[in-house]
Every structure is written in C-alpha cells, then in structure tokens.
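Pasting the structures in now, so scroll down.
Each of the next two complexes has chain A plus one other chain: chain B in the first, chain C in the second.
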Partner chain A sequence: MSGVLVQAALPTARAVRWRPGLALTGVLLVAVVLGRAADRSVDAVLVVAAAGLAATVVAGLQDPAADLLAAVPVSVMRRRVLRLALVGAPALATWWLLDSLSTTTSSGPGPLLALTATGVAVAVWAPTRRAVLVGASTPVVLFALHRVLPTGTASDVVGRWLTDPWWVLAIATLLCVAGRRR
Partner chain B sequence: MTTTHTVPGTLLATTGITKRYGSLTAVDDVDLAVGRGIVGVLGPNGAGKTTLLRILATVLAPDRGSLSLLGLDPASPAARTEVRRRLGYLPQSPRLYTGFTPLEMVDYVAILKEHTDTARRRREAASVLEAVGLGDRMHKRIRTLSGGMQQRVALAAALVGTPDLLVLDEPATGLDPEQRIALRSVLAETAARGCVVLSTHNTAEVAALCQQVLVMDRGRICWSGTPAELAGEAEGRVWESDAEEPTALRSWLTGPGTRRHVGTPPAGAALAVPTVDDGYLLVTRLAR
Partner chain C sequence: MSTVAAGRAPAPAVPSGARVVGALVRAEARRMLRNPVPWLCLAVSAWGMWLVVPEPGEWPGSSYEAMNPVAVPLLLGISVAVAVPFHRARHEVAPAAPVAETRRTLARLLAALPLLALTAAFAGLVAWRERDIGGLWIGMEPGRTTEALHSTAELSQLVVLGLVAVALGAALGRRVSRLVALVPALFVLWFVVSVYWLFGHPAVTPYSVMQVQPLVLEAGPATADPLAFPADWLLVTAPHYSGGGWGRQWVSQALAWWHDVWLLGLAALLLSAAWPRPGRRVLIAVGVVLAVAGVVGQHWVIP
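Showing the complex of A and B:
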C-alpha cells in the first residue's frame, strides 16, 4: 500500500491547486517583511497566517475527480492523508519561514495545526458535497469570530485554537479518526 | 474476508437492497442475479438508476439488504477492497484533472487500482486509450479535448486493469454515433470475461448491446428480461394512424407525419412492429 501512495504522490501533487496557497504565501511574506522594516510587531500576521494556511491545507482535500476515483481500492481516507501530507508540509514550512522572519517570540505552530485539524474534522463530518468547502472555511470563520466577538465566554471558547492549540489538535484528530470510514 | 454463497456463474447478486435519502426511497427492495454479459438499466429520470449503480460500484452502502459482488460481500472493508481491485466504475458526468493528459489521468487511476509495475501500467493505460479511440490524443491536455473525448478518457479509466465487473452510468453521453459503435466493441470484450452493468436512456443502445434489461421506476425494478422480450411486451399494442387515438397510453408524431400509438389498439388498427422503445414506454406507463 505504501508503494502505491509513493507512486501516487507526484500525480496527486500535480492535481492539487497550488496557486491560492502560493498567492497567500506571497502576501504573508510581504506583510512580515514590511512589518519588520517598519519595526512593528508581526504577531497579528502570524495569527492571520495560521488561519489562512490552515484554510489552504484543508482546501487541498478538494478532489475534482473524486467521483471517478470513488471505487478504487485506495480508500478516500488514504488519498486524503496523502493530500494533507503534500499540502501540509509546505504550509508548515511557510509558517516557520514567516516565524523566523518575525522578531517576536512565537507561540509555535500549534495554532496552525489546531486550525488545520479542526477544518479537516469538519470536512470529514460535513455532508459530502460541500464538505471540503465547509471545512476550509472553518479556520477563517474561527479566526474572524475570535476577532469580532467581545471578550467573554464565547470568545474564549472560539479562541481555544490560540490559547490551547494542542488540546484542540488532539480533539480534532480524534474526530478525524472517528470519522475515517465516512 | 467475507464470501457469500450465490448461484454458480452469478457475478453480481442483490437481495432486498434499499437506499433512502430522508423520506425518499431511491432504491426499494431490489433483487438481482446477474452473470457474465451486459445488463442495461433503463428508467425515467429519478427512477433510482444512479443510486443502484453507486451501490453496485461499492460507492454507496445500502441501508438494508445484502449484496454479493464477484462472490464477495462488500460490507466488509477487506472484501470491498478486493472487489474494487476487480471493478471498473464510470460515474455520471465524471470530472477529470484537466491539466493532465489522458495518459497521465488513466495512469493515475491505474496507480490507485494498485498497479505498481510502472512500465506495464503505462502500456496498459496506452492500450485502453487506444481501445476507446484516443490513441492519437493521449499526450494532449484534457482541457483541450471535446466533451465526448473527455467522456472516453473517463471510460478508459474505468476499463484500466481489465476489470471483471464494469459499472457504467450513462457511458454513451456525449459520444457521436461512430464512438458509440466503438464503445459497443469495447464493452463486448469486457462482457466476454465478466459482467457489465450500464444505465442509459438510449433504448437503441440497449437493443444493440445488452443480453439483459432491467427497467426501473420509483426505485423498483418493474420489469426484467431480454431486449427482444421488452419489445415483445408491446406486440399487438403498437399501431399507426393519421389521427389522435383516445385509447392510446402514449402517442407521438413520427418523421413521415403519421402518429404512432402504444396502448390498446382499436378494431381494424394498422399494427406496427414493436421496438424496445415501445416496450419500454408500455412497461413504465403500466407500472404507474
């Protein structure tokens, strides 16, 4: 099975839409470089990067040929894991690059991983037709709600991906595993 | 791995399979037993053909009933994987990676069908593309191909790996008459060693291709038999005249300008030789 996934990696990577992620990376890099040049904190850019990159990674699950591939022996879960690995690795590298360019002390990649896992969990459990769209929107919605909601319980709950990212990552991963047969 | 016991020679069998979407019963208590050959599934839009084919292709699990494909029960994950190794599936209106070439697309599907010998896999991908008449286009980008050619790429993807069970949802969509005839040869080859189940709205296709016909309506199989038997259902019940006929279940104006009727002919009516179309119309009207 691993041989199949190794052989499938290159064509799968070619099937992924990379342009949105590349565009986002470009914008984030410019924002960090400009922030640094102006001697301003780029914390907010890193938070935006976590949400944007997480959305991009989840969007990478979108497979236009999913119907044609619905009855192949390599399960949809394995194909999704392959796509996550292919899209997730450069997203993580981008995040580390942005982090290394910032001058502030980083909270680590926890928020990025937590938002990505949450988006994937939503994509796994959402109704099939719009699953990836809903999952990819989730990191952005959580980010926006955290910014918009007034300080309080709701804001605290929505912002767990920022304050307790590893717990969120663990719970979302469990949800993904529980929904693996969907 | 779970195996099921069916009549010898049966490649596909279902017992009481049912699939519901909320309050809609898409497939209702369907029993089937199919051996080697080509089976055509006819039926009006919304009859449940696509849902039935998705179940037969292991894409959807039925809510109720049992299923045996190639002697295996796909309810078990290991058996389902084994069935999929020997299965080709063409969904309705499939989408492809338009940046790929047909060869790359079919090769990719072959990889996911666990064909890991690269040289052999490439040869087979090229061979199925030749078989569907795309030998000269296999290195062009899919986005530059017509709709009919893209449909043939998807068909080639279903054919790769010489499947024993081929499930095709409206395979002739977008194909011109020449391509349809080529498709018949390709399917006949597969049917010689296994089972082909296809859904279609085209009764002429069924008459030319299939050994067995199933007519579905409202999720149920309301008729099954050979194409000749389906045409025979309308024996003595098809006539032509110049005027409207109140006793007809269905009437339509033909090319030469006469009216063709299906139903109970009046005394002295000029009976016509029935076709599969007539039989289908009669069967689906009577089922309602």
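Showing the complex of A and C:
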C-alpha cells in the first residue's frame, strides 16, 4: 500500500496549489526580516505564522478529485495523510526558517502542530460538504478567540494550543484516528 | 406575412444598463450582508476596542496605538465577504452570462459599499469610546497628555482600510483558484499588518498598510532639560525609548491624510487585479500615481 502512496505522491503534489502558500511564506519572511532589522519583537508574527501555516496545511486537504478517487482501494485517510505530508513538510521548514531568523527564544513547532492537528480533526468530523473550509478556519478562529477572550477559564482552554501544544496535538491526533473511516 | 407580423407579441423591453447593474447590486449586497463572517468579525473588533483602556504604568501611548489594530478582524471579515462573490465569478457559467463582465464586477464592488459603511460606523464607535473614557494617554512627564483623541484624519484611515479590504478580497477572490486557500492568505495578510510596531520606524511607516501613530522622533540628548523642549512635545525616554536620550511621540494629521492617499493607490492597484481587461490599465495608472503621491507626501511631512 505504501508503494501506491509513493506512486501517488508526484501527481498529488502537482494537484496541490502551491502559490498561495508561497505568497504567505513571503509575507511572513518580510515581516520577520523587518522585525530583525528594526530590533523589534516578532513573537506576535511567529504566533500568526503558526496559525496561518496550520490553516494552509489543513486547506491542502481539499481534493477536487475526491469523488473520482472514492472508488480506488486507498482509504480516504491514507490520501489525507499523503496530502498532509506533502504540504506539512514545507510548512514545517518555513516555520523553522522563521524561527531561526527571529531573535527571540525558540518556542518550537508545538503550536503549529497542535493547530494543524486540531484543524485536521475538525475537517475529519465536520460535514463533508464544508469539511476542509471549516477545518482550515479552525486555527484562525482559535487564534482570534485566544486574542479577544478576557483572562479566565475560557481563555485558558482556548489557548491550550499555545500553552500545552503537545497535549492538544495528542488529543487531536486521537480524534483523527477515531475518525479514520470518515 | 404582414398578418403574422401584426399578430406577433411585442418584444420584451430590454432593461437599461443602470437597471441591470442596480438589480445585481441589490442581489450581491443581500448575499454579502447575509454572510455571518463580517458580523462575527465586527463583534470581535468591537470587543477588542472595548478592552482598550489606559492603565497606570502602561507603555507611553500603548492604549492610543492599540485603538487602530483592533479593526483588523473587521477588515479580515470584509475581505472574506467580498472574496466569496468574486470567487464565484470564476465559474464557467459566468462568461456566458448576458451581462458584461465589467458590469458584473462593478455591481459586486458597489454591493460592498454597505461593508464600507460598517467601517465608517466602527470609526465612529472608536471616536465615541475615546471620548467616553476621557481620552487616551501619550508621552511621559513632563511632556504628557491624558486626553489624546484620534483625529479625523487618523479615523478616516479605518474607512480607507475598509476600501483596501474590499479590493484585497476582490483581487484574491478573483485570482485564487480555491476558496479554501483564501482563509490562511487573508488571515496572515491582515494579522501581520496588525503587528504595527514592525512598521513604526519613520523610514518604513509611509509604506505600511496600517499606520499607527504616534511616531517616535529624536528630541534631544539624555542631558537635555526636558522642560526646555516646546510645551506641546509629548516626551519619552529610557526604557521606553531605545534611541538614547529624549524622544518625542509625534502625531500628525497631515501624515495620516497622505497615508490615506497611499492606501487609495494601493486599493486601486489591488482592484486592477480583479477588474476585467478593459479598464485595468486606467486603474493601474491611477493606483501608481496615488501611491507615489502618498509616499512622497508622507516623506515630505515627516520631520
């Protein structure tokens, strides 16, 4: 089965739209370089980058040929994993590049992975018609809620992707595994 | 033959161009306003604005600076709401429609006017809120005010940014092939813009999208007597000023107006990406002229 996925990697990579992600990377790089040149804090940019890159990776799950491929003997989840690997690797590389360019202490890729896993879990469990759109919006919504909610329990819960990213990643991964047949 | 011609039903009246555009504007406006995203984003922005209150010991000017970036969620919502109909225009059925693409594009843009009104209302809300809390704080003793209010020029930036949000949504909606890719793109673009301290240096601020005043300019050396500076200077010093010595927090209406000109140019350039080929060059030319004038004007105003 892994041979099939290896064979499918190149056509899938060709089907993925790379330009929006590249443009997004360019904007983030300019912001970080500008912050570095001006000796200003870019922590906020890195948090935006985590949410933006996570949303991009989840958006990469959209497969216009999904109905056509439903009949092939490769499960939907395997095809999702292939797409996540193809889009996730450059996103992770971008994150490391931004993190290494910034002068702040490295925070690690935890928030990016946690938000991506949460978005994927939502996309897996959401109604099929809008699944990827809802999943890709999830990191953005979590980011916005974390920013506007007043300090308290709700804010703490919503902000777990930033404070306890590895727990969020584990729970979201379990949800994805539970929904592997969806 | 003549009998047949005489008995033929009269041809249906062809509606005039203005009536067709008007009907499209109403339909598109209804759809845009039914989209919950801009309303949810407006609520987030309004809540963010409500949380901005000057507090003792705050970084000089931080509450004043925080008032503009709270509009970013609203701008994101407007861009999303506009991007959806422009993305719909990519469908194959659109070129075969009996209304020319230029008119359809114009109708979609006119339909976004209520969203611009939303930004104007938000600017009004900011102005009211600032007066309600008795003004914001800028500067340090002995050069300090606790009654700072954003000027009309600075508040007008929110409306012009609304226009940029419409243009950005239109451009990306028209050019990006998958609607889902717009979510991260618009999010990153608007929220990077909201990290205003990256674009606050006098050399960079003319090119920023969201210009947040005050700018910090050099006032004098650390040994200078702050009481000797002009009385209307709003002063800062270490640790709030990294330049060493005394700095002054400078707010300028002229700078804000020229920045509006730059933003109008930016909006025209973005709109050119969404506009059909006839007329695109005019938009590009207007955009370049306005953008250059805006940048030159800002450089001319900054001391």
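Quick notes
To be clear about the criterion, the second predicted complex is superposed on the first by the 182 of 182 C-alpha atoms of A that agree within 3 Å, B and C clash if a C-alpha of one lies under 4 Å from a C-alpha of the other, contacts with A are read in each partner's own complex, and residues count from 1 in each chain.
Here is the rule we go by: a residue touches a chain if its C-beta (ideal position, glycine included) is under 8 Å from a C-beta of that chain, and two chains touch if they have at least 3 such contacts.
Just so it is clear, the structure is predicted and the values come from calculations on it, not from any experiment.
Using the contact criterion defined above for the overlaid structures, shared-chain residue A:A13 touches neither chain B nor chain C, since it reaches no partner.
Between chain B and chain C, the partner in contact with more residues of chain A is C.
By the touch criterion defined above, A:V148 lies against chain C but remains apart from chain B after alignment on the C-alpha atoms of chain A. In the superposition on chain A, contact of A:M77 is made with neither chain B nor chain C.
In the superposed model, A:A85 makes contact with neither chain B nor chain C. Once the two complexes are overlaid on the shared chain, A:V27 sits against chain C while remaining clear of chain B. Across the interface of their complex, chain B is touched by residues 1, 3-4, 7-8, 11-12, 14-15, 64-65, 67-75, 79, 181 of chain A. Interface of chain B with chain A (complex): residues 54, 57-59, 77, 81-82, 84-85, 87, 89-91, 93-100, 104-105, 107-109, 111-114, 116, 118, 154, 157, 167.
Against chain C, in their complex, chain A makes its touches with residues 17, 20-21, 23-24, 27-28, 31, 34-35, 38-42, 44-45, 48-49, 51-53, 55-56, 59, 62, 132-133, 136-137, 140, 143-144, 147-148, 150. Chain C makes touch with chain A in their complex at residues 44, 47-48, 51, 73, 176-185, 187-189, 191-192, 195, 197-199, 201, 204, 242.
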